[in-house]
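Both of the next two complexes hold chain A, though its partner changes from chain B to chain C.
This part shows the complex of A and B:
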């Protein structure tokens, strides 16, 4: 599968390395800042490309062949949404996911058909679950008495 | 324009980005009697303008859903995003459309390569600043060139601009004495980098750039009088 990842920060680089473990995957990582690619380490087998995610030109150069998955994982919500929209509308990428930190913005663009991942919502759910677990434990131990 | 007419055309317009373009646009729209709110996220720029613009300027990031709510986007007739960042302009317009069904959204783009995708993504109008500058350069060759700036969607009207050459019959004439075609209006004059809000008594000068709102059928008549 051909996978394009925009944003080589903590999240983008980890996802790129993980997906790159499967030799059948062809990975291209894009970042505005060439220093970011150091997070990939020297064993990374995929391609790197320096370019601005909010500029169509970046994609013209690397997305002309069919792309199976496009992940927009920069720290900027707006860039991620715009990039995912470009991938979906212009390059007809079947699976596009945009990281959006603002939950309301995430929901708004979900309605437009952009698949989003919202770290804020995920953390919130996880925290609630952890608290819930603690409550159950406490009520169980109360019952023992 | 009578007061009653003004009331009918009164709109609430949100302008995002207080650069030169956003600032001048805001002043122009206020002078036309509209309710305007200019949104700027940079505190320094906000402080520079807040004494002059008062309640017409708001400090905040218009791509935040909370900000859009707070500034009353739900009752906006038009949202114009003219920041220097194409992605910000796109997202502001799209959020206004999705969350508040804003009837009309206008985005400025700096990168001409992004033009197609903006139109595909449902922005009503785009203002391609690079292209405007480019057409200004081309205009050096053709003095009477009329450059389309904004197509008013769903209507037969558009905004065009033209620079007055020294031999134009309009030079040194007051606007009230010019026989403009019907269904056309001089909305603004750009003189030595300053925006001038035209009145009947305003006298046109050579090298003025005039912006005209005009029905497309009347373009030929306009061309003849320039």
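This part shows the complex of A and C:
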């Protein structure tokens, strides 16, 4: 699979390294800041491309061949939303995932048919589970269960 | 339960509202920026406290009574780590959860016995699942399964 990842921050770099473990995957990581690529370490076998996700030129240069998965994982919701739209509409990428921190925008965007991941919602769910577990533990020790 | 939440950003405010739905919970939300409290809306029944999580004074003022759960959810890993340590060590809060965006620090901190949530790791897991699903779908349509 050809996989393009926009944003080489903590999340983008980890995802790139993980997906790069599979030799069948061809990974391209884009970031406007070349320093970010250091997060990939020296064993990363994919390609890196310095370019701004808010600039169409970037996509013209690397999306001309079929891309199977496009992941927009910068720290800026608007950039991710725009990039995912471009990948889906202009380059017909089948699987497009955008990171959207704002839960309200994430939901609106999902309704437009682009998959999102919302770290805020994921964290909220996790916290609820952790607290639920504490409550269950306490009611058990109180003899309620 | 008495629950103290440090940080009234997207995550902190959502968690406060959710936990506040249970009338048995007494919620106190701390933020150094009073504008942040607007995220709670006008129906929030808990208390708000303007104070800096990096300042011990803040805790002296609100942690003198027993706190059951302390959540450190600001956008700054170091503040969250410090706050969680104070809650656990000085105020003996039984359940302390800190948001730590950096996965490496999150793991180190978990080893010190404080529960963390790492939005980066949660997002990474979610992306892996979403891509795994695509792969399974494709191999099914290829007749591999």
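As a working rule, the second predicted complex is superposed on the first by the 143 of 145 C-alpha atoms of A that agree within 3 Å, B and C clash if a C-alpha of one lies under 4 Å from a C-alpha of the other, contacts with A are read in each partner's own complex, and residues count from 1 in each chain.
Just so we're on the same page, a contact is a pair of C-beta atoms (placed from the backbone, for glycine too) under 8 Å apart; a residue touches a chain by one contact, two chains touch by 3 or more.
Keep in mind that this is a model prediction, so the values were computed, not measured.
Participant: Quick check on the superposition: with chain A as the shared anchor, is it clash or fit for chain B versus chain C?
Facilitator: fit
Participant: When the two structures are overlaid on chain A, which partner does A:90 contact: first (chain B), second (chain C), both, or neither?
Facilitator: first
Participant: In the combined three-chain arrangement, what's the angle at chain A toward chain B and chain C (CA centres, steps of 10°)?
Facilitator: 100
Participant: According to the stated criteria, A:69 is in contact with first (chain B), second (chain C), both, or neither; which is it?
Facilitator: second
Participant: Please indicate which partner A:2 is in contact with in the superposed arrangement: first for chain B, second for chain C, both, or neither.
Facilitator: A:2 sits against neither chain B nor chain C.
Participant: Would you check which partner chain A:82 touches, where first means chain B only, second means chain C only, and both and neither mean what they say?
Facilitator: first
Participant: Where does A:102 make contact in the superposed view: on chain B (first), on chain C (second), on both, or on neither?
Facilitator: In the superposition, A:102 contacts both chain B and chain C.
Participant: Which holds for A:112: it touches chain B only (first), chain C only (second), both, or neither?
Facilitator: First partner only.
Participant: For the superposed arrangement, tell me the lowest C-alpha distance between chain B and chain C in Å.
Facilitator: Between chain B and chain C, the minimum C-alpha distance equals 8 Å.
Participant: On chain A, which stretch or stretches are contacted by chain B in one complex as well as by chain C in the other?
Facilitator: Of chain A, residues 102 contact chain B in one complex and chain C in the other.
Participant: Considering only the defined contacts, which chain C positions touch chain A in the complex?
Facilitator: 10-11, 14-15, 18-19, 69, 71, 94-95, 97, 99, 101-103, 115, 117, 119-120, 122-124, 126-128, 130-131, 134
Participant: Considering only the defined contacts, which chain B positions touch chain A in the complex?
Facilitator: Residue list for chain B touching chain A: 63-66, 85-88, 90-91, 94-95, 98-99, 111, 113-114, 116-117, 120-121.
Participant: Which positions of chain A touch chain B when the two form their complex?
Facilitator: My answer: residues 53-57, 60, 76-79, 81-82, 85-86, 89-90, 102, 104-105, 108-109, 111-112.
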